[in-house]
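Each structure below is given as structure tokens.
In the two complexes that follow, chain A is the common piece, with chain B as its partner first and chain C second.
The block that comes next holds the complex of A and B.
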């Protein structure tokens, strides 16, 4: 009887933990929602040999999470200027992605199995550029942990069967005061492969926004620092500007 | 040869200079190349060639509906592959590469699901990477056969559709031929002692038309395409008025194409395939099928493309032609690349003839220096039998050193 009760309480606690974790992530996503977002990103890629290369892109996003579409267009360096990536996110499955390379005048669909490769020499993989809808993962609240002095929930997420991901699991730290995710750790099996730290959190048009993202590839011992400039939300954008056809109109 | 447009390119630059702001963007580069051939060719003793190319492109978005693109090129070389005239070329019909050229000049109108592009533009069809049988609106500069570049065409292109289905209709009122090797230089393989008198080419009148339906599905992408016009690669009328002299006239046969292509992601690889059936009302042109099937994969810092290109001639009628697209068939094709770090990469591209009579391999190392400079060093090896399309260029193996400043 007592073992049944213990098992029942444990199951109930586990269910509550999963429910709480999901609610926290859902609330975090709800607070970050906007009709659209535009920013100019400047990137510094610091290789294992400490060599630094700089790039910049402009990002336009229509919608938020599950149903969003985004175009990232490189603006520097000169030799990759105009290269663009279209990401079409889906609520029930992983995103579709196409890359446009103006030098050869061709678009290319990024296949699912190629999403773990690095995006144009940065430490972000193609998969890291898609938005993660809350329904595509199972969550587990692992406890409380402070990041840079801010109290956070530590939550483990695992992709559901329908979701194909290079990562076996991830951990996310979400601040308790404003529900902003400030750190992600991505694992392949039990090995930590990438860490994303989000800093310089500012309230922009009512949305708490991290303006500095640092992605570290622990396998390569390299990191990419992405600074977001001129962040604007709810900029008028058209659905027709987020298609493969529109991608070819790259400037 | 049609006259060029003196000063047109400078007007483009001046126009671009007065535009500014977020809706205006520009890019370009200045590149210097050195090409060294270890062997002389029977009709060309030159072994060292220097080339310089300046390319400038500007884009302006007037409003949410209208966008404009303009591009010019200026080039010179030490081997007279580039014209010495100072005119601007528009239609790319010159025998040599023009010293000044309008690379593109077009206006794009887009509204809802319609995109309309008018003017000189690049049109690319197909999904394969090494050989594209359906890419009919993409003539190339084949002056140095294995290092070809695409040429723009003057056309009206209308694309209608959303993300899943698009119809692409192209109408080109002016024919743009591919540029073939010069007869007095090593890539033409004219036997020693034979004088070639190149007659005025016979360019076709009329327009070229094509339509393509493309579908993007959840699992795969595929398209069907149709082309009615002329082949941008020539056939030759050859006469021999004197024992060691031949008169050569280029003409461009009628071509009708029915084609299709598909990209299918499978577990671990992506399968891409493309095929086209070509018919012609020109009595001296072959009728044939070209097809290519390739697989590709990116893994870590590597990417691999490997495949096979084939040809089935349903009716053989031509005697003399220049057809590098067909010349690359009955061959295994491959392309591989490795990114060493953010600045350095190596790549290898190859075609190996199925019967072993022809081989082409290009190995390149490339390194970025700072934000603007890139140096590239490479070697192209060509081997084979004189009767083979690739093998006939076996004395044209060469080394390349290139330095590019991009802005």
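The block that comes next holds the complex of A and C.
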């Protein structure tokens, strides 16, 4: 759920030549790498009926794109306090996820059969949260375009035939000055279905990090605002703390 | 058509009461057929509709009997390369806790993956109307309700609903509303969706699912998917399309359905005799009319067609009225079928409306018309054969010739000889049922001769009671054996059925009581529901030790009861501590094997005890090797012993609980059988049990008497069908007597008029008719009791061989006969009151002018 996590999902860009676009995306991913990350997040889902639901959590993440593992522990509201999520990302397939629900005192594996399903009522789908391998997409640089006054590359990506995706194509805007992706648009056929905007970009421990992400589901007319606080990189973490047993133990 | 209008209609109008009585049998038969079939189909359709609606895009379902299976099976199913989606499911029916709202079907699913198979059409258009999916999963009190149910009960998002759980009554929170239609219509709209892991806890199921719903990858056929899942999961799992659940439900319902169909067929069968009787008499009464028609050039074919046409119209009218009554009956029967399936079989369908199938109505009408025409065939043929010259000779037709009687007797004796041979030689169902049919035919063939003998034999006793009236009554019967014998045949068949079914019920009761005395002997049964057959909730194994520590308790026997598929049928599996059970149920009736030895084998996990009905239904013998599919592979063990048992109509296995735990990986408990120490106070121990456990879980401490009453109540529920048959039998018999007497009086109107003209008192006429009716009752009773004795033998065999598989001892139901004597004689007398009054109040002049 971190900016790295979400940024990694949609890095599919292009260039005047496909190779250039791919290089831009790969460079963007490389610059975002860290051995680990810890932050406190808060989330606000604003529904079409203006109903707002809020949650906050603490996230630990070990590793970077590909073989990373993350544990998210919800801290508020009271109904979800103590719920923890373990996400194990794989470079070439969907992530594995487990959830600990203290109220029933057990963990469960989260089924990943329909990746287009929304992630726990947010405007992110499970697929949006996957860390993707650049080799699984074709990229095309569509040109330059400024976002909030910052010069960006506008890159289109399409999943390769071997890759299944709910989206037909996506567009990403990557800032030329720091290679930070600042906006994404996802299309089904030619229809824009989701837009993610990243703001409040700060350099934290040498890594440009967006601390505010806003995902809009244009079909449902709802949006999810994600804020990251106390972001720290390369915090010492153990592999053993990212297992199903650890998920239970920690509670 | 013209003949029907000009000849039949005036006759029918003149004899309207008799005509209505004649079609009474058809009305009753058709009403039962329509009512029962509609009720059964409504319940079955409701179940199938629920299955279909909640199946969604499910192509296959993995199950392992009603005990469920360990969660690990899900990963194995998911690993199958042919599987696109595998969604675990728990389904339970609980009391909604809202007055008048009945049961609620809880569909527990894993909402994170279930949308691959089911479309949750939620209010607001998407899943965000589960107010918060994370909260829904995090809080085990989360429920999604259907819009209809919520609206009916004024519930909305955030509302609380109290449900009974393993931890007692708990408040649940509505966190989503399903839109109307689609899945919402399942279980009559009384559907609630819950998180599957919360349901495991709420229902005390441990880490077990009821089934896994499967969606296959594109291009994979059902057969391929089935084969590959069976390979992945092993033999203990059933992999079938969702429609398979309907078939399972249908097989549970089949025994019940068969009992009900017998009642309607029986009514039609007896109705046939009433129609035969009425038409025979009508032919007799209308001989002169037929003679005139023949003299005017009407062909035999036209006369036959006329009577068959009348019977068809009678059948059609009877069917139409019967269909109307049947549909009315179906409403009540649907509810009772629902209750039966829930109480006895532990499955619920929640049929909320009647399913009326047009083809059933057409079939019922056809059955009514055809039955009526078959019954009228012989009288119609006889009408066609009427000699115009003899047509005016009154009374001759009612007399049976000696030759005719002899031929019938010879045919009857031949039928008896063949029926006896079938019994002696027959092992197959075809031979047995052929023999049964021949025995019934023999009884019917002998009825006229025996009626005549008995009428003659009764002349003396009747004269003793009232010399003139007695003689007249007896002579009336003797002179009209055809009229008498058809009624007697109907009465005899009714009573034969009453006695056989009553005998069967009595024998079953005796056996069930004996079984309860030896097996249901604990002081307390601790259950999760007041309904002992309910297996919605379960106890954890840890409770066993908790109970054992309670002062005053001498012994605790945990019992697990599940239904598994064996030989294509849902068979009950009872897992108990066999050593302890053997010690406490030593008096049980053994059908095959040695009691101690069989329990030793079961305790050593070297054999399985089976119920005698299972042995009978599935042709299993002592020592025979059995193969039972379990979630851990095939269990191969010999039959260690066969016991008389009434736990389940389709049979029961008894294995040691340790073996069950090992193979089914399930240590939950359905019932604790609790024995108290010799001096312990029941009320004190009960109080201690409740004090110890009620705060942490739902439980009921039932006394031995409570459980025995429950079992007898269920038995009564089962035999309620039998009582219905008895009621039908007696009703049809009464209809027959009323009809015969009405006809008899009409037929003898002139004779009765002459009697009155020569000084006969009205009271004498009245007494004559009463005595005639009672005499018919006596003859019918005598033959009925004799036929019942034979029928009981056949019914016991049918019950053993093809119905319940239970061997019952032949005990003639003297008590039932003792009840039947006053009932039938009273009914006969009562049915004579109206005809007798008609006879004495009719005009003397008209009576003398009659014919």
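Definition applied: the second predicted complex is superposed on the first by the 228 of 251 C-alpha atoms of A that agree within 3 Å, B and C clash if a C-alpha of one lies under 4 Å from a C-alpha of the other, contacts with A are read in each partner's own complex, and residues count from 1 in each chain.
By our rule, a residue touches a chain if its C-beta (ideal position, glycine included) is under 8 Å from a C-beta of that chain, and two chains touch if they have at least 3 such contacts.
Nothing here was measured: the structure is a model prediction, and the numbers come from that model.
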Combined model on chain A where chain B meets chain C, clash or fit: clash
Partner chain(s) touched by A:103 [first = chain B, second = chain C, both, neither]: second
Chain C versus chain B, contacts on chain A by residue: B
Touched partner set for A:74, first chain B, second chain C, both or neither: second
Which of chain B and chain C A:117 touches, first, second, both or neither: both
Which superposed partner A:83 touches (first chain B, second chain C, both, neither): second
Partner chain in contact with A:53 - chain B first, chain C second, else both or neither: both
Chain B collision site on chain C, chosen from 8-16, 134-142, 152-160 or 404-412, when both complexes are overlaid on chain A: 152-160
Shared contact residues on chain A - chain B and chain C: 45, 47, 49, 53, 77, 79, 104, 106, 111-114, 117-118, 121, 222
Contacting residues of chain A [partner chain C, same complex]: 45, 47, 49, 53, 55, 74, 77, 79-80, 83, 99, 101-104, 106, 108, 110-114, 117-118, 120-121, 220, 222
Complex contacts: residues of chain C adjacent to chain A: 84-87, 110, 112-116, 124-128, 130-135, 137-140, 197-198, 201
Of all residues in chain A, those that touch chain B in their complex: 45, 47-49, 51, 53-54, 75-79, 81-82, 88, 96, 104-106, 109, 111-114, 117-118, 121, 222, 238, 240, 243-246, 249, 251
Residue numbers on chain B that touch chain A, as the complex places them: 25, 27-29, 59, 61, 64, 67, 69, 108, 110, 112-113, 115, 122, 124, 150, 159, 161-163, 166, 216, 221, 263, 265, 267-270, 296-301, 339, 341-343, 368, 371-372, 374, 404, 406-407
